[in-house]
Amino acid sequence: MTAISETEQLRYISQQAADARVNVEIETEGMTLNLGPQHPATHGTLRIVAKLDGEQVVAAEPIMGYMHRGYEKLAEVRTYPQVTTLINRIDWVGSFANETSFILAAEKLMEVEAPPRAQYIRTILHEMSRIANVILGIGDMGVQVGAVTPIFFAFRDREYVLNQIEAVTGGRFHPNFDRIGGLKDDLPAGWVQNTKNSMDKIRGFCDQIEELMYGNEIFQARTRGIGIIPPEIGLSYGVSGVNIRASGVDWDARRDNMPHGLSYDKVDWKVWTHPDGDSYARMWCRLQEVREGTYIIDKLLDDLPSGPVMAKVPRIIKVPAGEAYVETENPLGVMGYYVVSKGDLNPFRVKIRSASFNNVAIAPWLLKGVYVPDIITILGSLYFVLGDIDR
Amino acid sequence: MSPILSIEIPFWGQTIFRSIGGLAAALGPAGLLVYIYLFKLMSFVQSRLGPMEAGPQGSLQLLAEVGKFFQKEDIFPEKADRIVFALAPFVVLMSTFLLVLVVPFGPDAWFVNLDTGIYFALAVSSVSVIGILMAGWASASKYSLLGGLRAAGQLIAYELPLVLAVMGVVIQAGTLNMQDIVLAQAEGEIFGFGGLGNPFILTQFVGFVIFLIAMQAELTQPPFDMPVAESELVTGYMTEYSGIRFLLFFVGEFATAGVFSMIAAVLFLGGWWVPGLDPDSNLFNIIGPAVLLGKMFIVTTLIFWFRFTYPRFREDQLQKIAWKFLIPISLANIVVTGVLKVVF
Amino acid sequence: MSDETAVAETEDAEVVLVDEARDALLAELTTELADGFVESHLQAGDDLWVRVHRDAWVDAASTLMHMGFSYFSFLSAIDWLPSPYGRDMTSQVDLTLDPPDDDAEPEQMESGVAGGDTRFQMFARVNDVATGRAVTIKADLPDDDLSVGTWIPVYPGANWHEREVAEMYGITIVGHPNPRKLYLPGDFQGHPMRKDYALLARRIKPWPGIVDVEPMPGDEEDGSES
Amino acid sequence: MGLVESGKLPKPLTGLLNMSRKYSLWVYQWGLACCALEMGAAFASPRYDVMRLGVIPFPASPRQADMVVISGTVTDKMAPAIRRLYEQMPDPKYVISMGSCANCGGPYWDSYSVTKGVDQIVPVDVYVPGCPPRPEALLEGIVMLQERIQNEDMAQRWAGEPIVVGADA
């Protein structure tokens, strides 16, 4: 790769090595290990260049851009409905959640509000994409620490959620279902009951994985005390979502900063936090969120209002000039869109504040002084999606 | 040359017979293990079907694999040490074949009846370390090097509990000869009751568990598979191998699993002997191998069940288990066994 | 949160919304930033924008940090130049059927909320997770000196964001420890997020377009032979 | 190449060798973007279970792979790595390009950083269209590739046109 000259990289790493929290008294010849860009541990195409002393990491630097597709530029040359199609593919594991905040930002500029039924369905689909996303993260964590089986269970039970998403939106995981002012369609017949059955299955998966994986002594030995994020450090890096809640920060954009257009305030639910801040805490909180998500969906389905799913909006969408920032609590963390409009068919500027970008920014700090296997554990527990980093 | 099956066979005939037998004894279990465990049991654990298309229930899948690997290009990395790189898989496989030598399959069905059989087995099992180190070093890849070094550290650390666990059996049987260990179990009795003989798993249960754990580590199976950790080191020392040479490693891995399980079966489960039958009868020369295979499957099932369900330890945790837990416990086991041996 | 409750829930735009929390925050920021404060925009019940002087950009970060805005959300830049390619940058127009009008009057540059005088503007957003407050900070960059101080000492998370800005807009981040390209290959030319950076695929092969009829620029000979 | 050079072999032997390659496709998962998830579903989900067909998704190293599924957006920064990976694989090797992005750039056709089609970098045997294709589509691509391998003459590799899933439908 031509991206970085090795000497440049080494100089930077050795600079960082000075303050690394490792014992550098014994002078041994270091080794630079290059994980990626395609490596089983990096969820795709993240590349980690780690300078090692034995098996201990002196300094590690993630290198990304292998999945950079230029979303912010492309969004400037597409109309608003076209942007929705595009941004589906940012966090490709939980697609619907990507749409929500952009649509809400556009709605805010246009000063329209979706009808209550659409808001409910939006919230349900948002939670479903969270479940589809996080389940996979949990299964993948198993693979990262060497247990092959959980990922198969994750893929098996994820299908239940994908089936329901497909039944209502027509797409397994790029729904493109959200519209400015509401939703494309109403729910199909029988969907509510099927979804409730699926949620039962998901809760079964949670129980199974909690016993099989989280209760395993080796899993705990591998994850407890590994990669601790102190709350204040995490916040200054912009770490959000589960990763910061696992450090004891009780802050959830769904509860504390919920934008208009979602229905999280209509039901009772709990924000799960964990005081430890290590890899185990992050994975534990993820599992609890999946379970909580199933309850949120159940409750929302119970009092689903009737009515239209689309507000009155013009056929050709021109968003009035202005600036708006809307953030939602996405599966990976806080995702926000800063939309600048000049009153055209297409946005003037879309700044995508994606969760993983900030979550992974803390990796160089976290990876100093750990062992090579812990790189994988920590990255796995931070749980990022490359599209969400590189955009 | 001693007779096999009490039939007089000329020397050259015996050589051929033994060669075929040795290959079958090492590769047969390997093939069975790959099919039954890697394809079918793993798929069952993961609620899948496994290979189904090649042959009925995918039973010919293995032949397809072997045939495929023979057709693959044999790649040498540019900076590899070619001779060492080429030899490494054979060294690993050699260790397996040397192991098979001392395994008794029946009262007369054996390849070599060494008086120091178990000692020999434990010694040659370490040869594979050299092969793995060769592979790791010669590949000129950092992943391979890390994998090779991890493997060396791991195999050396677990050699000790392995040997110490066997010591208990040796003390109880009073011999290093594997054949005599089987006979000792066949003729032994527990508190005067000889109907079951005395499979050492009953009296040496601690030793059996330690042996099993150490064996898992020697075989670099999860949860001790750091040398080949797929999610960290890609496949460790095998990273740069392709085609036939990879096949040799692959076969070596499973053949060693089979042979080690056979040794475990011999040491702790009574080898080829079945309770209730006369251990001297010629019948055991016929059914002995099958009995041993059956007992081997008991051990391998345990090994592979752990493999498919457990996460992987970290390298330092692995060393900690060996030095802080397994070795002290096995030493205590030897002391207790020695005392009891004197008492009874 | 608290600020939301201060807003009267109403759909009538004529009613002047009162946002006490943000008013107080704005007052506090104005005193804290002192000379660095340039302009602000408060959208009651919604959001707060504050524009600071370029030289006060780094001070603003530490000020905000001391005021409890411990959570770093994002940092980026905007290029306010109207696209010189006009509407051909929107996919609604087919260049072959509807060639762009070169004589069209260039649009006037117009900045967004909280104003702005120059082409490039930095903006960043920080949150206070304890109280739920959030503020967007902007700073104009003079056209002849596209450089700004780094936020890394205050918000270490700004590291990658600043690299992204430097790469995408060609803005120099003074004091950045690792000013390499973040996303693009090392030999990439240009700063793609600038408005005058053309997307080649749109200029040469307009969508849906007729693929491979026009030769790529620079290899006319190859195009004619094949 | 291994035992089989490009020389002529008796027909039954060729058939046997082809059959063994057909049923033992170790696949290297080059998961790049969204399609990687559908590829993962095809390989790891019990509902699709590609192992039935003899496709083994184990190898983490390209050296042991027979086939690579390039699923997702190929960027200019990634392109050299893909080329290198392809060269690291031992012959005979097959490439499946999965999804619109890998086929032609997909929704990023006008992006400044995306390679418009992986076939500019490596030769592709099977194109699986879709954004993303369903796992069933990938399975069909694999089955069609297996049919081709069954009738393959080693001397004439690359002679045929690439397979496009769903083209004749």
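So that you can tell them apart, the chains are marked A, B, C and D in the order they are listed, and the count of residues begins at 1 in each.
Note that contacts are C-beta pairs under 8 Å (C-beta built on N, C-alpha and C of every residue); 3 or more make two chains touch, one makes a residue touch a chain.
Keep in mind the model is a prediction, meaning the values are calculated, not measured.
The chains in contact with chain A and with chain D alike are B, C.
Between A-C and A-B, more contacting C-beta pairs join the chains of A-C.
The centroid of the Cα atoms in chain A and the matching centroid in chain C are 23 Å apart.
Note: centroid distance chain A to chain B, computed from Cα atoms, is 44 Å.
One inter-chain figure worth recording: chain C and chain D are separated by 41 Å, centre to centre, where each centre is the mean of the chain's CA atoms.
With centres taken as mean Cα positions, chain C sits 63 Å from chain B. Touching two or more other chains at once are residues 183-185, 192, 197, 199, 202 of chain C. Shown for chain B are the residues in touch with two or more other chains, namely 46-48, 230-231, 234. Counting partner chains per residue, chain A shows two or more touched chains at residues 1-3, 40, 65, 68, 70, 73-74, 77, 152, 156.
Against chain A, in their complex, chain D makes its touches with residues 30-34, 36-38, 40-41, 44-47, 60, 72-73, 75, 77-78, 80-81, 85, 107-108, 110-114, 131-132, 134.
Of all the residues in chain C, the ones that touch chain A in their complex are 1, 13, 46-47, 49, 65, 70-74, 76, 78-79, 82-83, 89-92, 110, 112-113, 123, 125, 129, 132, 134, 136, 154-157, 159-161, 168, 177-178, 180-187, 192-193, 197, 199, 202. Against chain D, the residues of chain A that register as touching in their complex are 1-3, 37-38, 40, 44-45, 65-70, 73-74, 77, 85-86, 89, 92-93, 95, 136, 151-152, 155-156, 158-159, 172-174, 386-387. Taken in their complex, chain A has these residues touching chain B: 31, 33-34, 39-41, 55, 142-149, 152-153, 156, 212-213, 216, 218-219, 221-222, 371-376.
Against chain C, in their complex, chain D makes its touches with residues 76-77, 109-113, 116.
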